[in-house]
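Each chain gets a letter, A, B and C, in the order it is written, and its residues are counted from 1.
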Amino acid sequence: MPREAEPSLNERAFVVQALQEGLRIDGRALDQFRELDLKFGDQYGVADLTLGKTRIFAKVSAEVTTPYTDRPFDGIFTITTELSPMASPSFEVNRPTETEIMLSRLLEKTVRRSNALDTESLCLVSGQKCWSIRVDLHVLSHDGNLIDASCLAVVAALRHFRKPDTSIEGETLTIYTPAEREPVPLSWLHSPLCVTFSFFGEEADIVVMDANLLEEQLRVTSFTISFNKHGEICQGAKLGGTTVEAMTLIKCANDALDKVKELTTWLDLKLVEDSKRRDKGGLMAELSAENER
Amino acid sequence: MATQGPVIVLPGDQIDPSLIPSRPKKALKLGPGLRHIPPNELVPTVAGQLTTDHKKNSIWVEYNGGRYIPAVGDLVIGTVQRSAAEYFYVTLTDYTSNALLPQLAFEMATKKTRPNLNPGALVYARVCLANRHMDPELECVSPATGKADGLGPLNGGMLYDVSLGLARRLLMRKSLEDGKVAVLEELGAAGLAFETAVGRNGKVWVNSESVKTVLIVGRAIQETDEKNLSVDQQKKLVRKLIKEVS
Amino acid sequence: MPLDTSSAYPLALLRVDGRRWNDLRRLHAAVRTQAAADGSAYLEMGNTKVMCTVTGPSEENKRRTAASTATGNTGGAGGGAGAGGAEVAVEIVVGGFSSVDRKRRGRGDKRIHELQTTLSKALAAALHTHLYPRSTIALSLHVLSQDGSLLAALLNASTLALVDAGIPMSDLPVACTAGLTSAASAADDPLVDLNAQEEQELPFLTLATLGDTDRVMVLVLETRVQAARLKDMVDLAADACKSVHKSLREVVRRRGEHMVEEGAVEKGASMAMDMDIDV
């Protein structure tokens, strides 16, 4: 019986009252994120992200196909999201709910439209062959804030992924297996990360970062903004709901920028840790063709 | 109580006959988690701790299940979904069918004066009818005396989710010795004023004058639950939380 | 974009269609275009032409009870429904002939679904939905021609149609787009009410405010822009919304005068929706 369990009146009233006193149910500060953990798989391009009790799994895969006819110089890059009943009994398989559509639209705008991945670099033989990179996102557990967690998982997985090395001689295209040549990372231009703000109160004046499921169900509106660490806004979306003062939104944007810088540093750290773990024996230094400058 | 430490059984295990209490005059009572295969086989059907009570000559398995199955006599906290002609429809667990609460099953309720419960309100009720084939039924009065005994709508406060095992331990009469739950006593001893109601369906309602108190109590209960704290650890947790606030 | 590159004042430059940076396109709106619907409107912002009809409040659909939540977090593109208030169901049909290349968009298109959800949530916040519990207000929007500022035009048309249907609301939601040029010489110049060509190349945002205030209902930014410029763009769009608000109020007022002339409403009779004649 897929029906989202609604919070009772007591919970509703209490959460709002607590927020008016500046307190959250789990004792966090209003702008504090829950505990973040990121694990990479043994295979390249597999990321398992935990944000409190929300858990997202992202997997990147690549295959060679023909490019779209109207874009012969670009590769194909798609992100698919799966919200299964494992995440929450109110989701059904293959029936897109509003949550799922908004999630995939936001990821699309943040990662695809902002050109985080250089699709031109995916082209192998223009008009005939190109790489098709596909990110499959599975929500394993839904405890609020799917958007921020998913974006982080997608970016982490894409930066972790290595595609097989190729070479072109004349008309023949050779794709090397990982055993023949070390796979190469994707051409990543910038890392966009999302921060979602939830608003509470009749005037929408209480601002909270990283809402858990109960807070999400009780919020009056939300604002998602994506930054990269260079300070560029990749997308911003406040889609309806109670009105918010424009100045509040501007302030949220500034707070989000600081948060994104923090998250980017954390993500870089995790990626470095993972490459160290793989790089037992200093093999990477031998394989790398870079000169020390 | 088992003398050689807790005995953990898995479904289908053999039970050591020496553990089964046997009194010549009294029949052995089987509690939840055991199945009797005549003539004299006892098989556990769930995984848990085998517990015996020699005084009452009963034997059962303590287990921490996932989903609450209503049983007659349990005290539960439900959320009113909607009100129909003669009944309120109350949700005990998410994603199951609703339980029925007759509108007249309240203290001092007559056909003219019905209780006014809006959708989303919380009620503390007792299960009076529960079997596999029908939707469970609740009541908010004690059938014998006609008094509420603390049952009825719950106003204010906050609802927290706990595991079924912790709910059962909290509801035990001697929750400190048998259930190893000291959190609530400790919090009371530390000077916090609050009231609680525990539902066997895994819900705890906490209310107090100050929001902070409710938050501390709720957090204490949830941490005890999630991390399976022992009595000493619970005492330490309470001390830590009190210090954080003051 | 700028035609005149030798001017000393960058803001005096003209855009492709001959407008200056703060000129809105020609806003033409008509109310009660369809007699059969409860409320209807037709709006043109330059070459973006949108039609809107409103039906409701009408009785709730039985299947809605299975997927109703107070905040519309799950379920179809509808606002808060059930005992809480009316549900605002928005349906958008984009004609295949509306853009330069003929392109048929299916119903399952996620972009359209996103627009529907956005409008539904925005209007649910502005309308007094608590007056009509267990009902549905159905909006049907048709896009006849697209030339930029689509979301803004859709919202403005919905506002007019809802006013025409007589559904009470706290204030008129209005929307407009604003953007920045990246002129090679100077710092970024502001732009208001972008058309399709400008939208494709420049960073822009769509802002919807409630009436004359600075309270933001919808903010959609899909292009990359420096963080520091966000405030400028938002201020710009808010000012543009105020101009749009003035135009829409004028349209509504003229309609009211027309109704009084026709005799549909007695002159001087007090109505639930008072008209205030600006002096």
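Just so we're on the same page, contacts are C-beta pairs under 8 Å (C-beta built on N, C-alpha and C of every residue); 3 or more make two chains touch, one makes a residue touch a chain.
What you see is a predicted model; the values in this text were computed from it and never measured.
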**Prompt:** Which of line, ring, star, complete or other matches the graph of chains that touch?
**Reply:** line
**Complete:** Max Cα-centre separation from subunit B goes to chain C
**Asked** How many Å are there between the centre of subunit A and the centre of subunit C, using C-alpha atoms for each centre?
**Response** 30
**Prompt:** How big is the gap, in whole Å, between where the Cα atoms of subunit B centre and where those of subunit C centre?
**Reply:** 53
**Request:** Give, as an integer number of Å, the spacing between the C-alpha centres of subunit B and subunit A.
**Result:** 40
**Request:** Could you list the positions in subunit A whose residues touch two or more of the other chains?
**Result:** 3, 6
**Prompt:** subunit C: which residues touch two or more other chains?
**Reply:** none
**Request:** Show which residues of subunit A lie in contact with subunit B when the two form their complex.
**Result:** 1-3, 5-15, 17-18, 21, 23, 25-27, 89
**Prompt:** Along subunit A, where are the residues that touch subunit C in the complex?
**Reply:** 3-4, 6, 90-91, 97-99, 101-102, 104-105, 108-109, 113-115, 216-219, 221, 223, 227, 231-247, 249-250, 253-254, 257
**Asked** Any idea which subunit B residues touch subunit A in the complex?
**Response** 79, 91, 94-97, 118, 120-122, 154-159, 205, 211-212, 214-215, 218-219
**Asked** How about subunit C: which of its residues touch subunit A in the complex?
**Response** 66-67, 69-77, 110-111, 113-114, 117-126, 205, 209-210, 213-228, 230-231, 234-235, 238
